[in-house]
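The structures come next, written out as C-alpha cells.
The two complexes that follow have chain A in common; it is paired with chain B in the first and with chain C in the second.
Let's look at the complex of A and B:
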C-alpha cells in the first residue's frame, strides 16, 4: 500500500465520517462543525487530484462563506446547547433502508461499468492551471464560458437583492 | 491494494450523496436540511472533478461545471438562510412541522 493510497483513505475517512456525524449529531452547532470538517476533506481531495484552484475556491466559498453563514444563522435562531429531537423511529429506519439499497445499487453499477478514457484525452492533457481556466472562462470562442459567467453574475446580484428584501425587518408604526 | 482510480472516488461521492439524502429525509430542522443539501451538491462536484481528471483530461468542462455549481450553491444557501431567518421571526421556530401557515 503506497503512501498515496494511505493519504487517499485518510481523506476519504474524514469526508465520510464528517458527513455522517453532521447528519446524525443532535447538537446543531456540532453538526455545523462536522460539516466544516467534511468540506475541508473535500478540499483536500481536490488537492490530492491536483486541482488546486478548485480546492482554493472550495475553501474560500464553503468554509469561509457558507459554513460561517450557517453558524451565524444557528446563533440567531437557537439557544446554545439545546438538543434536537430524535428522528421518529420508523422514518429513520425506512429512510436508512432506502438510502442503503440505493447506495448498494449505485455501487453495483460503478463496479460493473468499465470506465475507459479516450486515447486522445490521455495524449493531450490540459493542465487545470489558473491561466488555462481564466483563458477559457472569459473566451468568446466556441468553447468559452463567457455567457454562463455573465448569467451567473446576474444570478448573484439577484440573490443579493433577494436576501436583503426577504430578511429586512419592516418597522410598523402603531 | 491497487492504485487509486476513478471508482474509488466515485465510491466516496456516492456515499456522501446518500448520507446527504438520509439527512434530508430524517432531519426536521431547516438549517440541518440545508446542510444535507450542501453535502449532496458537494458529492456532485467530486463526481465532475473525478470524471474530468480520469476520462476527459484534454478538456476543462467538468471544472467549469464545478465552479458554477459552487457559485449557485452559495447563492442558494444565502437565500435559504434569509428565508429561514424571516420564518423564525414570524413563527419563533424553524421546524418544518411548524411552518404550515400556507396550508388552507
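Let's look at the complex of A and C:
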C-alpha cells in the first residue's frame, strides 16, 4: 500500500469515526466536538485531492462558523453537561432505516457514475484554482453560476435582515 | 558577490533532499524522515521564539512602567523564562473533579494545534517556506478561526462559571473580529491578484504595499493590527482572561504544562499575526526598495532577507506589546460596538476604495 492510500484511509477513518461517535455520544457537547473532527476530516480530504480553496472554505464555513454556532446554542441549553436519555426504540429504528436508504442511494450514484481512470485525459480539464472558481462563479455563459450565486446572495441578505428584525429592540415610550 | 545576493535557502533544501535520498532508499521512509526533521526544527524554533517573546514582553512591560524587569536569573535576566518553564514542568497537572475530563485535556491540544497549523505557510526568508500553498492568506485566516473552538471547549469543560463567561466572551469576540481581519486582508489580495503569500511578497519588489497603496492600505493596516490584537485576545481586548473580574477566564482551572501550552499558543499566535502583517503590508522578506532607484535597492539587497522578515515581525510585535500598557481594557459592549459600528463599516468602504484604486491603476 502506498503512502498516499495510507493517508487516505486515515482521513476516511477520522471522518467515519467522528460521524459515528457524534451520533452515538450521549453528552451533547462531546457530540459537537466529534462532529468537528468529522468536518475537519472532510477538509483534510479536500487537501488530499488538492482542492485547497474548497478545503479552506470548508474550514471557514463549517468549523469556524457552523460548529461554533452549534456550541453556542449548546451553551444556552439547560444542563448541557448531563448525559441525555436513551432514544426511544422506534426513533432509533427509523433513523437506522433512513441511514440504510441514504447509504444505498449513495452506493447507487457511485456505481452509476463513470469515473475516469487515472492517467486518462478529461474532455475539458479545468484546474480548481481560485481564479477559475471565481471566473466560473460570475460567468454568464452556458455553464456559469451567476444566477445561483445571485439567488443565494439574495437569500443570505433576507436572512440577515430577518436576524436584525428579530433582534432589534423597539424603544418603548415612558 | 552576485551569488551571495541571489542565494536562497532552496538550494540548501535541495542538497539535504538529495543527500537523504542517497541514504534512505524507501520513498515512504524518506518522506516521513523529512517530515520529522522539519517538524523538530519548527518546534525547536517556536519554543525558542516563545521564550524570547516571553522575555521581550516582560522587558517591554518593565520599560513602559519604569521598572527593570527580570534581572536576576542569568545575564540581564535572560534565563528567567527558562526558570519559569521548569517551574511549570514540576507543577501538578490538575484536573477539577466536576470537569469533563476528556474535553478538559483535549482543549490545550486543540489550541496549540491550530496555532501550529497557521505557522505552515509563512515565508521566513527568500526561498525559505515550509508550504508554498497557493491560498496562503485564506488558509491562515481559516485555520486561525478554529482557535475559538479550543477556547470554548476549555471554558465549558472546566465547569467553572468564570471560565464559561470567559469562553462566551471569547466566542463573541473572535467571531466578530474575524470579519475585519478578512476584509483588511482582502484589500491587499485585490491589489496583488493572488492569495499566495509568495506572490504577495514578490509583488512588493518595487515598494511595500503600505507605501504603494496610499491611505486606503494604511487604513487596512491599522484595522488589521487592531483586529488581530483582539483575535489573539491580548490587552486591551483581553476580557477573555480579565484577571480582575474572571480570575483568568477560560484558563482558570489549568495548571502546569497544560497552562504552559495555552501560554505558548498565545505567543505563537502573536508571532503569526505579526508575521502576516509584515508579509502582507510591509513586504515580508523583501528588502526596502523604491521603484526606479537601482543603486539604493542594491545597497538594501546586501541585508539578508531573513533579517528583514524578522525585523519587521518584531517591530509589529513590539507595537502590539506596547498596546497592552497603553490602553485600558474594553467592556464587552464597547468591544462589540468597536467592531460592528466602527471597524466593519470602515473596512467595507475601504475595500471598495481599494478595488476602485486597483481597477483605475492609481497605485504605484
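We adopt the following convention: the second predicted complex is superposed on the first by the 127 of 174 C-alpha atoms of A that agree within 3 Å, B and C clash if a C-alpha of one lies under 4 Å from a C-alpha of the other, contacts with A are read in each partner's own complex, and residues count from 1 in each chain.
Just so it is clear, contacts are C-beta pairs under 8 Å (C-beta built on N, C-alpha and C of every residue); 3 or more make two chains touch, one makes a residue touch a chain.
Just so we're clear, the structure is a prediction, and the values are computed from it rather than from any experiment.
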Looking at the overlay, does A:33 come into contact with chain B only (first), chain C only (second), both, or neither? second
Who does A:14 touch here: chain B (first), chain C (second), both, or neither? neither
Return first, second, both or neither, reflecting whether A:23 touches chain B, chain C, both chains, or no partner chain. first
Scan A:159 for contacts with chain B and chain C and give back first, second, both or neither. first
Mind telling me which of the two, chain B or chain C, contacts the most residues of chain A? B
Which of chain B and chain C A:92 touches, first, second, both or neither: first
Where on chain A do chain B and chain C both make contact? 2, 53, 57
In their complex, what parts of chain B are in touch with chain A? 1, 3-4, 6-12, 14-16, 18-23, 25-29, 31-32, 34-36, 38-39, 42, 45-46, 49-50, 52-61, 63-64, 66-68, 70-79, 81-86, 88-89, 94
In the complex, go through chain A and note every residue touching chain B. 1-2, 4-5, 8, 12, 15-16, 19-20, 22-24, 28, 31-32, 35, 38-39, 42, 45-46, 49-51, 53-54, 57-58, 61-62, 65-66, 69-70, 73-74, 76-77, 84-85, 87, 91-92, 95-96, 98-100, 102-103, 106-107, 110-111, 115, 117-118, 120-126, 128, 132-133, 136-137, 143, 145, 148, 152, 155-156, 159-160, 162-164, 166-167, 169
Can you list the chain C residues touching chain A in their complex? 27-28, 31, 100, 102-103, 106, 133-135, 138-139, 141-143, 145-146, 148-149, 152-153, 156-157, 159, 164, 167-168, 171, 175, 178, 195
State the interface residues of chain A toward chain C in the complex, per the touch definition above. 2-3, 27, 29-30, 33, 36, 52-53, 56-57, 59-60, 63-64, 67-68, 71-72, 75, 80-81, 129-130
